[in-house]
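Per-chain numbering from 1; labels A, B, C and D assigned in written order.
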Amino acid sequence: MLVVMKQDASQASIDRVVETIRSMGYDARPIPGRQRTAVGLIGNDGRVDSARLEGLEGVLEVIEVSRPYKQVSREWKVEDTVVTLPNGTRIGGREIVVMAGPCAVESREQIVGIARTLRDMGATVLRGGAFKPRTSPYSFQGLGIKGLELLAEAREASGLAVVTEALDAEGVDLVAEYADIIQIGARNMQNYTLLRRAGQVGKPVLLKRGMSATIKELLLAAEYLLAEGNGQVILCERGVRSFDTHTRNLLDLTAIPVIQGLSHLPIIADPSHGTGIRAKVLPMARAAVAAGADGVMIEVHPNPEMALSDGAQSLYPEQFAELMEQMRVICRALDRSLVPPLDLETSVPAP
Amino acid sequence: MLVVMKQDASQASIDRVVETIRSMGYDARPIPGRQRTAVGLIGNDGRVDSARLEGLEGVLEVIEVSRPYKQVSREWKVEDTVVTLPNGTRIGGREIVVMAGPCAVESREQIVGIARTLRDMGATVLRGGAFKPRTSPYSFQGLGIKGLELLAEAREASGLAVVTEALDAEGVDLVAEYADIIQIGARNMQNYTLLRRAGQVGKPVLLKRGMSATIKELLLAAEYLLAEGNGQVILCERGVRSFDTHTRNLLDLTAIPVIQGLSHLPIIADPSHGTGIRAKVLPMARAAVAAGADGVMIEVHPNPEMALSDGAQSLYPEQFAELMEQMRVICRALDRSLVPPLDLETSVPAP
Amino acid sequence: MLVVMKQDASQASIDRVVETIRSMGYDARPIPGRQRTAVGLIGNDGRVDSARLEGLEGVLEVIEVSRPYKQVSREWKVEDTVVTLPNGTRIGGREIVVMAGPCAVESREQIVGIARTLRDMGATVLRGGAFKPRTSPYSFQGLGIKGLELLAEAREASGLAVVTEALDAEGVDLVAEYADIIQIGARNMQNYTLLRRAGQVGKPVLLKRGMSATIKELLLAAEYLLAEGNGQVILCERGVRSFDTHTRNLLDLTAIPVIQGLSHLPIIADPSHGTGIRAKVLPMARAAVAAGADGVMIEVHPNPEMALSDGAQSLYPEQFAELMEQMRVICRALDRSLVPPLDLETSVPAP
Amino acid sequence: MLVVMKQDASQASIDRVVETIRSMGYDARPIPGRQRTAVGLIGNDGRVDSARLEGLEGVLEVIEVSRPYKQVSREWKVEDTVVTLPNGTRIGGREIVVMAGPCAVESREQIVGIARTLRDMGATVLRGGAFKPRTSPYSFQGLGIKGLELLAEAREASGLAVVTEALDAEGVDLVAEYADIIQIGARNMQNYTLLRRAGQVGKPVLLKRGMSATIKELLLAAEYLLAEGNGQVILCERGVRSFDTHTRNLLDLTAIPVIQGLSHLPIIADPSHGTGIRAKVLPMARAAVAAGADGVMIEVHPNPEMALSDGAQSLYPEQFAELMEQMRVICRALDRSLVPPLDLETSVPAP
């Protein structure tokens, strides 16, 4: 950490900064420059609270040189984290996972049917919302517990593992009973009560990047999970807010290699929410794999025209089959492969 | 609502859109154009779920002509909402409210002392965090219930009303016991579980705009509160995310007159979080008042250099006094005035 | 075009809008709604100046339903535009073009050497700046005309076609003498004097998207070129401004399929400027091809550590060779292939 | 400047950075840290080209501690720059300048009439476009030289000084013949050919901030003007691009105090382009003055409903008169005053 002093900062101010750093238990080293002095904080263990320094007299700015996160960092753990699901799917290794399913669980027929179709096409994880966070209080909010029960039925019937979203701390316990992965949505990326509970519940967590979260903030949100003892974390890029209105969000695929450099956690992409437009999901799912994503999460609906939410971005099953073929080819350029399809006879559904 | 068809949309697709609109209970009117046809949805009562239409074949885009929010809208209620606090402070009328206090409650001495100082300088509402949402799990997270108790003591001692943040549904009940206004922070603007509980608890709510929330999203978040029966809502502009790193956020003061045109709810500005820099708080607080804000929320700390959080953006008490003078002058240009200072003898502290 | 009236707009205001539209030579159709009236403008030929309508009394907003651009639009010309260069490279068909070279031309040895290397590795177009737009007046600004001469020498020696940037109208004439493609940089996307001259000079133009240009603005900038009679236009996505500072820009790959839906013009991606970091260029170049780009533009330097500009984002030649292999595999997933390598014996360098 | 090394950087890489810095003529000081080493560059005179260092092996990032601009910096020149116009208006001192007029010059009657009206209401500078940069090639592009002649006539008739935009280097010479201030528009903020010519022509320059320019980029663009010897530069905040579509741009008023801290140059605000909506111009002009702007630039049209461009954001003359009154009151809170109105008898129009 570097504390940059104002050009006209007095020697007393500089001394004050040095003392404060020492009182925090770190070493301080003043670096006089031509225009101004800076004070280096030596020994930063990733737990320095810069707020203590920013308010001091004569301080122009505090620049982080060390990373503010710790356990999520690749400097803390060099080898890639691999999350293994009960049905054998491994996320974060050389294989690329495909999670697919409708935006929302709507009925037994819908979710069980599509789960079987997706399994046959090669997906190994089923997505589907039981609790839906909706911008308007007047939109469909999901089937709730009934939806969780239907997801569990679909797992029985298909062998797919299940990922679904929890909206609050109580929801975490509920979702953990039924699902294999607890999803934390973009709007809740900095809902710390939710993060802490999800970090305690002992199931893998899929953490989506917030609408305008920096990569640093995403990693700090993941740090909340690891700080509670849960290392089974999968990150997800799902598009950030931008100034153009042609697409719902701007899918930031560069975040994938950037995060892979900074962290050992696996990262997947959600091109369905990332674009919001069916016709753009295929190209962007392909691009995510080519950029090195450890997986993709795709909305597929048996009948998108009748979907209760996000129909405009859901693929038809035949489009999904085409996408699987394309991704299989692209994997090879990176010396990777898709997670092998489930063999229903031998797959072991989660309890 | 206008459903714009693709240029090559078939008549069957257009008919399908018309039927779907009618099945939703509204009237549909096709409007043929030179390049394409559009279908108008007539009778929109603000509850139309456009997702039903976006997924239909041949649809290019759905354009909202009516507003998707309802009870927060000025078209629903023409007169300004005025929120009245137990100590007599009125928010949303001709008077401009000043809320001030430290970022976090740190000790009895700190909070009671600053409350008295601020009251003497003319503020009528005390801010101070008991539960602090922090980006890093390693930063100071607030005193919790102890902090709420100290806020209540400071209210007794000063007559100021108290506003403080709730981080989750349980927190809402707790905060409602001690505070006069429940604050919902920027990170939680779309935490719907939290919004719903806050809408049920019967106390005024201060709703901060999310880091990259559009004005429409802010109003829809407020709609969650009103939909639960709570009309005592104060909105707060606190800066949005931008590409420049000179300031922590970009304070969007234009949002103030824009929202006043769209909604009857009062709106205040938080220039402390909006800029993150002490020296910029005075000019931006003045600017907020000049732009027509119904109030400002200002961080003031008895000793910013020792603050446990956000010291760099906290004013010294003497700076706050100077700001009060400046705002008093600016008010006159708009034919408004500051909320009159409390007369401690006669002020009625909240129970 | 839809003119949406305020809720309380008088009948006289509505009539005024109708008259104004008719006086502009179009047909007007009022559409009464539950909350407000809208007036449809029928017969929009892409040349309507909405400013005439926005200022009228009672108008809330003007919504474009037709596209404001015309000749660049796929509705104007259905088939893909293919730009053919003197050395036989075709841009915009089933083949994917690779443009490569250093950020700036630095010396004969550098540019001729790298051109031969790149040709041997399969590139068919050489990039290299002779005139460099630099944020600071104190940075290296390019070799100027000397740089253009060296590019022409490199073309002779390698058979590669040459693309290089023009900074102003005079520069266009100069660049057109030496290069095969005139590049217009991101900072100049809305430099209309430059666009007009480039539209008149009779050579293909590579138009880069501005730092925060919407897709609509990019297409309108291209419309300036076509309006001057130049249909040989290649668009280029090179990253937009965002709030995260981990990468220099945010490469918006979704823009590629979006633009391919809206326009018949070819579009390539520049992952070198789009990310600004060497290690991210490979993944993002692969992703661009997977997203459907008609080509990529890559910075390669014989010795990036000694580069006079943008060394941090330039590939080593061996990395470029690896990338060529990867892109060759990815192409297949889309049923496309790279532009075939030049056969030096038979290639026809531009005069 | 601080060169931060990767955690695993070898001693050889560190030595290489130290040598490179020394070869550039500066002093280097390695600072070992717990996680990584950083190398300080001592003696930065604002002309260091960081590109030389970013490409070196083992370098993680280069952090600027000194400012990359020089002559525009307050550290280079402490006292405020005051630009004085031929009619006596001083910009950048204690007085606040009001520039007003129509978006575009449309006719003699329009421009001479409004100039007299504005003069009578207290403005001292007339704005009006003769050359208009328009997003679409099909929009009205201004009257050109005829417009410049009419502006000069309006100056004769009113005593107001004239500011108008130049679009290219040739335009600079032309505009310099007729106007008192040469305006460089947002789209051209990084048009370096234009900046250089404007820096040479010996007239004050009004430089508008680019659509998504950082404050650093704006100051570096101004540095181009000062580097050519022109110190008579006025900066202008006119709104930046954001994600909300309620307003055309997001007026960044915080930039005003931030820039006043960094630079000695005067800075004004343009709330007309900054908001794009007539009803928001008054509050934002007031807010700009309250934030400390050295002036405002306001679009006023004798008949906004008939304006050929930007009618929706132009004030009616009576609204402008009301605004003048409000700004006069707000000034007092800052101990400032408006530039005194011209006394036509004694005012000295520019030759």
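The rule is short, and it goes like this: contacts are C-beta pairs under 8 Å (C-beta built on N, C-alpha and C of every residue); 3 or more make two chains touch, one makes a residue touch a chain.
Here the structure is a predicted model, which means the values were calculated and not measured.
K.L.:
Compare the CA centroid of chain C with every other chain's and tell me the farthest one.
P.N.:
Between chain C and the rest, the longest centre separation is with B.
K.L.:
Of the pairs A-C, A-D or A-B, which one shares over half of its contact pairs with B-C?
P.N.:
A-D
K.L.:
Please tell me the distance, in whole Å, between the geometric centres of chain C and chain D computed from their C-alpha atoms.
P.N.:
About 28 Å, centre to centre.
K.L.:
Which integer distance in Å separates the CA centroid of chain A from that of chain D?
P.N.:
For chain A versus chain D, the centre distance works out to 41 Å.
K.L.:
So how far apart, in whole Å, are chain B and chain D when each is placed at the average of its C-alpha atoms?
P.N.:
Those two chain centres are 32 Å apart.
K.L.:
Can you tell me which residues of chain B touch two or more of the remaining chains?
P.N.:
Each of 212, 241-243, 245 in chain B touches at least two other chains.
K.L.:
Graph shape for the chains shown, where an edge means the two chains touch. Line, ring, star, complete, or other?
P.N.:
Looks like everything touches everything, fully connected.
K.L.:
State the interface residues of chain D toward chain A in the complex, per the touch definition above.
P.N.:
2, 4, 7, 29, 31-36, 38, 40, 42-45, 63, 65-67, 75, 241-243, 245
K.L.:
Would you tell me which residues of chain D are touching chain C in their complex?
P.N.:
Chain D residues touching chain C: 46-47, 49, 51-52, 54-57, 59, 68-70, 133-140, 167-169, 171, 187-188, 190-194, 210-212, 217, 220, 223-224, 227, 241, 304-312, 314.
K.L.:
Chain B touches which residues of chain D in the complex?
P.N.:
So the residues of chain D touching chain B come out as 212, 214-216, 240, 242-247, 250-258, 261, 274-275, 277, 279-280, 283-284, 286-292, 325-327, 329-330, 332-334.
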